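Shared between the two complexes below is subunit A, which has subunit B as its partner in the first and subunit C in the second.
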Partner chain A sequence: MKKLFILLSTLGLAASINAEEMEVVGNVASKCVVIPDTAGIYGNPTADVLSTDPSDGGVDPVVRFDVIQASMYKAKISYPIEFSESPTLNDIVNWTGSVGTSQVSDTSMSGYDAAKIEFDNVTEFSLTVAGSTWFKTESQADYGYGKAFPGGVYRAVVSAECIAI
Partner chain B sequence: MSGEASAHSFVPTYPELKPSYVEGILYTTMNLFNARKDVEYYEFGVFNAEWEKVPFAMQNKIMRVKHLEKKKIDIYIREKDKQEVVYICSKSKLIIAGASKTSVSSRVCSKVK
Partner chain C sequence: MPVLLAYCSYSYSSEEVYGTTTNAANIGLNWVMSNILPQATGLTVNNVIYRYTTEKDPEADMLVHVQNENAQGNGYIFRSTDDWSGLPGNTINKTIPVGGIGIDFWGDGSIEVEGFGTVLDPEVYYTYQYVPCDNPQSNPECPGYIDPLTLIQEPEIDTSSEDYIQEELDRKANTKAQRDEEEKKERDKFAKATEEKVRESLEKMLGLSIGAGLQEAQDTLLHNALVATNYLPRTYFEQIKGGEYKDVEMLKDSTLPDNANARRVNFAQDIMHQKIVQSQYD
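And now, the complex of A and B:
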């Protein structure tokens, strides 16, 4: 028997006699990842306006949402309605803005803009397709009635939320 | 696709509240991954269906999570508040710096089963 085993080992058959099937198990859990993609910059096309619009010299901030499974999350994105940092302002700032898709990883996401829900400065999108969606946020701040913004640093925050449904 | 170069994730999507070693207290374990270079602190919150705050306990409600660090977070809730709890959220805390820029505050919310 021992001689037989040595012979089989030499021929490389012993291992195949003892081989067992092995199972590989995986689990794909739902997940949402929020990824700031492009930092926004305010352009100052006229003295009383700060705008992220590229035609005004600004850059629209872009946030990417990745979802692994469809219809598990909604995206809730808010354009700013106040500065998080600015010089002292003694007049009202009027804010306008909008949020929309700028790029999608799946063509069936093209309906997101038509189905979006807007209220106040908030826009909600149901993430009904698995994959990546890039959302662009435009915002504009108008100071007083044609008043010039005082010199200094202006900073605002876009809020990007991914909420399980 | 640029990968998760600057990402914030918070899982599981649908956490379950389980009994803790303290009677009358439930807990769940959440996992936070911080791949945002511009963020080192996250704030946690528990909310009901109307987004009102629900009392909860954890080690620190604002926690330091370094870049590319994964952290397990235990969140404790009173058993009597179990029916109230709907959302458990993590929110990035931004550092004020930079000029004429907009930054992004990210919040990811899970829904309790």
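And now, the complex of A and C:
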């Protein structure tokens, strides 16, 4: 051991003087994951209405937020206010909607609905408990003033984001 | 998810099988585990997955326990408690790893509510794993399975050994003696039965039979049976009309003449009779 130390010292003295840059790499895995759970479907209970309400023949889209660390993120979910795909519409579409918890993995998450913040078509939830939370988004589109939607395919987008706070 | 959870796959091989039970709480808040888990040797439960919805007053206290009794002792082998006190009702969805607890420990399961509130739409699933042929005798399709019937084999006998020959001789001798004994018993039995029969017949003839009354009753029964089957001619039972039956042919009184042809014989007999009587005095 001693001999090895001497040898290394000697080599150090013999080396020429150099400048080196070392790279430091780190990976940060997200502690919040957003996963689509259930695809939404619009029902067409009357000619002028498209609705995700199950009683109207629709299906509410559900998105799941998995949070590993509590009180570090908020969920920001927006219900649609326009169609991403539709036949040509000559009249205005009135959008309404709401977002709420549909399932929780911890009873404390039941308080998310009472504490949610809503503005425009956006709803924000503070994710104060670690675990999984399922959020359900209801939306309804009313065409014109009791006007029938033209035939065709209609698509809309629900936006869900996990934002660090 | 329920569709995926309900899917269970089984195949008999030495590879491990993973599966998920059907909803244990589909018929109520109590369930019997032997009806839920496959009864496979070496099966272990890895996770308990449950979901239910609570309806309650947000201010009310409510505890919900999802649990399984410990089949090998007291208490519970699994118990998860959700405290809904002071919270609004919601749907809870939990997956709880239990670390591979053996099937023998899983007692009956239940969802118990403490406080005020109602549990709706409960779903409880168990994920499990086992090696189907961990015990090769558990299924005939398992490699290494031995048919128990083949294990029952007669021991091989050396027919040339002295012991075997001696045993056979003894057995035959014993058999002959036994047969003779049985024949003797049979003969004695037959002789005794014959003697008894003769004795009964004599008693019957002499009217001493104890069972004479019984015999009479049996005869009556036999008679009735014959009558019922119309075996006897009906004329046996015809009644003969009463009254006086007078002779139709009557001989009128008159003088009967001697038979002249018989006179000679009568005289000859008389003479012979006299001679015989006289001969005793001569």
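One rule holds for everything that comes next: the second predicted complex is superposed on the first by the 135 of 165 C-alpha atoms of A that agree within 3 Å, B and C clash if a C-alpha of one lies under 4 Å from a C-alpha of the other, contacts with A are read in each partner's own complex, and residues count from 1 in each chain.
Going forward, contacts are C-beta pairs under 8 Å (C-beta built on N, C-alpha and C of every residue); 3 or more make two chains touch, one makes a residue touch a chain.
Keep in mind that what you see is a predicted model, and the values were worked out from it rather than measured.
S.K.: Does subunit B (first) or subunit C (second) touch A:S132, or do both, or does neither?
M.R.: Both: A:S132 reaches subunit B and subunit C.
S.K.: Counting residues of subunit A touched by each partner, does subunit B or subunit C come out ahead?
M.R.: B
S.K.: Report for A:S105: first if it touches subunit B alone, second if subunit C alone, otherwise both or neither.
M.R.: both
S.K.: Should A:D113 be classified as contacting the first partner (subunit B), the second (subunit C), both, or neither?
M.R.: Only subunit C; A:D113 stays clear of subunit B.
S.K.: Same subunit A residues contacting subunit B and subunit C, which ones?
M.R.: Dual-contact residues (subunit A): 105, 132.
S.K.: Applying the document's contact rule, which stretches of subunit A touch subunit B when the two form their complex?
M.R.: Contacts found on subunit A: 29-37, 39-42, 44, 50, 52, 61, 63-64, 66, 72-73, 80, 84-85, 105, 132, 137, 139, 153-165.
S.K.: Report the residues of subunit A in contact with subunit C in the complex, numbered from low to high.
M.R.: Residues of subunit A touching subunit C: 101-111, 113-114, 132, 134.
S.K.: Quick check on the complex: what are the subunit B residues that touch subunit A?
M.R.: Touching subunit A: residues 1-2, 4-9, 11-14, 35-36, 38, 87, 94, 96, 98-111 of subunit B.
S.K.: How about subunit C: which of its residues touch subunit A in the complex?
M.R.: Where subunit C meets subunit A, its residues are 51, 82-84, 87-95.
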